[in-house]
């Protein structure tokens, strides 16, 4: 028995669901879960489907070929199949803040995140002991104006060498290079410590304090070349009042950051996030 | 063009989705939305599906017959089809509190609720002016120990005479008779002013105050014979503190009650709530 | 017995609380509630205090004079005393949307809002029946480019004639004139249907939809000359997903708008909101 | 300069605030923050006050004596003074779950919790490596039916020897002995994984699942002899749906548990929690 997740995006037409489900049934697949969405304005169809098949990875490969020649061609689908036994490989980028790192590693250890973590990478040496205590390799690649190009090169090499599927910026305080973004489109997850589009850029808690907002938020999004403007995956907020100074906003924000980032990462791992234009569809 | 909502519940088996979607496609139906859930432990399958067909109600009747003889029989389905142009008929039962009534009528007037409201019924005369200002008939049926049986009889007659589909108890402060519950199984929606199963019965805000909780909640549920123990449709909460006395809890609760009741009613109208055992599946 | 609310704002110095509370005690006042806040960075002191005195309004006037000559002079206080038996007079400005109006009038009728409502004013005739059903005068003052100046003049006259204390813009879809703002500084409460500072200006739900946010919010704030940039009183949010189109965001937003506006109005009525720079202190 | 927190509880009478603030002023104390609450029904007065004094701990001792002979006697106060430079000593009790432990230790390390942590105690050896990685002693004291009395004795000895001020049960899966509760009244903080009073006792997520609730909650409370019935400090919730099985409820609950426990611990450390009957006053 093997389980797969099938992701489809195509122009909306009649009969897609019938065709796909029939096709799976004809391969003796058992559909466990189906979620679909039609953007009627843009006539676009999206589907995420979990199915069980008898047999092993080879059976899936056969199905995959047939599916490519059948429904994919007929409906002009962008699509992917992910066998559930192949865990995605997640690289963690960090700087000096440790709360998101601790949180993700705690979840990883407790079995909540179905990934491999080949390495943790940082522009600072500070968090190495945490990596060590969890038994995960830690690469310290400093980034200065002079070494930026070199550092990027090293990052890319590490990512390739370790067959990384996606990157999580767990409060990584450097702007990621366009080259990296090109290599990992919609596969670099950032946590921004404001309720975007309010307060993009640096020091959002300071800006929130200055504006006197009664709520602060955080946003997890895919990284695109425009800073803090990528497709939003997940957001959440916490209420604040005049009694909270900036450092209290920061402390309250930390609790949000780790939870919102974890939710985004979990949805990404489960292939529940589909990017469409600059927006996301997040299946439940 | 006619739109329908199809609701299915049956033992889980392979191929149900494929069969149903294929069947609809063969009748030239266009599936707009599909949501499904499998309770794997109990091997039960649930589906809600919206589809468009060419033609009118007659075309639907044909499809309906064929569907009954086809998939329904094959998979042993409990099922319903609701043409979207047939609005459900909602009766409102109230007592003296007006906040839920105002809220529902405001939504009704603004077009948010796709229903007809044949009448408002109350055991008190107080809210009649509101009914009048919205142009809806108001029946005052007092309930005392002596007149309870008679009152129930009158209620049942009114409900039948007006072809009522479902009843909303918008803070109706009487226990509904078993006869009524039998006539409208999973079609009487109540709003209970506590976070069930905490604080069932009378005066939940007083009990919440006495216990010193930091959160109060409300629960919308279908009415069953056991008091406040029916399937939960929707819940929400609000934070409170030691500074709030009982009457402030009541005031805060009112805001919750109307919104949670309205959400439950909207989901019920859209046939998004399926009852299963004493629990609900609420499709999104 | 008479109850007052005392509001104080002054440069922070040692001994203010001791002096004020001692002063009240010397007039046989019984302090029921005290809330205070020190902005240590700006060395500013804020206090809200509720106290009971024997006697009537005259006794308060005496205390008021003595207080002005005593602590007020000594500590250079900006201050106000509000006897609780004198209800503030609230004017409601509306356009065509009725949800905030219904909500506020429902609360008013149930005794939740301790105000008088001398009139409802609108640039459209549509909501007059609601005003009538609650027995409140309704003034229809159309606003066009040509009549804007005249309309403002009429508004000001009405406000003066009715001794209005503060104005609530319950989804009033016109920009309020600077003259009105000057006459009612920090006394015009608006509800903006976005989580400010995100999406100021017109059609925020459309902007939120376009950006693909996962949360929408609303903001109640005092009106200042800069559009949607005044001191924030209250904010709240609701989660949304890719399945919600603009009109569903609007419907979800309505529920927030009425509740957040009501909260802001209640805090304003209770003199719990103090404006400081472009921010507010909202005592609990 | 030395800062103190003063906590007072006494029968409500006129003039208490005036007297206390005047008294502090006469000792050249500068009040930074005052929060007070009057339970009018029970005529009880509660106050928390932060003040700065010139000098050192000796100056505070003098003030303390004078205060005891003055206002304390006059108003029959239960009271405490906590110099802010004396950190409370927090013992952590754990079993096998590590999420609350990681969370608290992460906050401790980042400076968010102003405490000393003399030791971590567990009835299992599993979490020792975490203690080691944070450099905190770990005592493994197994508890079986036969060794329960002995284990309690050892626990008490450790607590005394390390001058522990309060205990946090960070998912400690044993019932705490009455002797321990007697030694640390209102100083043992538990996190219960339900929205109390719903689902007390074991396996609340299973009960919540069985009841079909749409919200799960967690509760942090002081431990009293009656199980899960002590004064509630903090509660929070998360929405769930029919799609979540028990293990998903557990995973969602973990995120709540750590945050709600941390909030309760932070409020306890800041002496913001006052117990009154079986309820708490939690100053903001």
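Per-chain numbering from 1; labels A, B, C and D assigned in written order.
One rule holds in what follows: a contact is a pair of C-beta atoms (placed from the backbone, for glycine too) under 8 Å apart; a residue touches a chain by one contact, two chains touch by 3 or more.
All values reported here derive from a predicted model rather than from experimental measurement.
S.K.: Return the chains shared as contacts by subunit A and subunit D, ordered by label.
M.R.: Chains touching both subunit A and subunit D: B, C.
S.K.: Superimpose the Cα atoms of subunit C on the matching ones in subunit D and note the rotation angle, 0 to 180, in steps of 5 degrees.
M.R.: 180
S.K.: Looking at A-B and A-C, which pair shares more C-beta contacts?
M.R.: Top pair by contacting C-beta pairs is A-C.
S.K.: Would you kindly tell me how far, in whole Å, the mean C-alpha position of subunit B lies from that of subunit A?
M.R.: 37
S.K.: How many Å are there between the centre of subunit A and the centre of subunit C, using C-alpha atoms for each centre?
M.R.: Centre-to-centre distance between subunit A and subunit C: 42 Å.
S.K.: At least two other chains touched by the same residue of subunit D: list those residues.
M.R.: Within subunit D, residues 241, 243, 284 contact more than one other chain.
S.K.: Enumerate the contact residues on subunit C facing subunit A in the complex.
M.R.: By the definition above, subunit C touches subunit A via 37, 41, 195-199, 211-215, 217, 231-237, 241-243, 245, 277-282, 284.
S.K.: Spell out the residues on subunit D that touch subunit A in their complex, using ranges where they run on.
M.R.: 98-99, 102-103, 106, 109-110, 112, 129, 133, 241, 243, 251, 254-255, 259, 262, 284
S.K.: What part of subunit C is in contact with subunit D in the complex they form?
M.R.: 14-15, 17-19, 21-22, 24-25, 28, 30-36, 38, 40, 284
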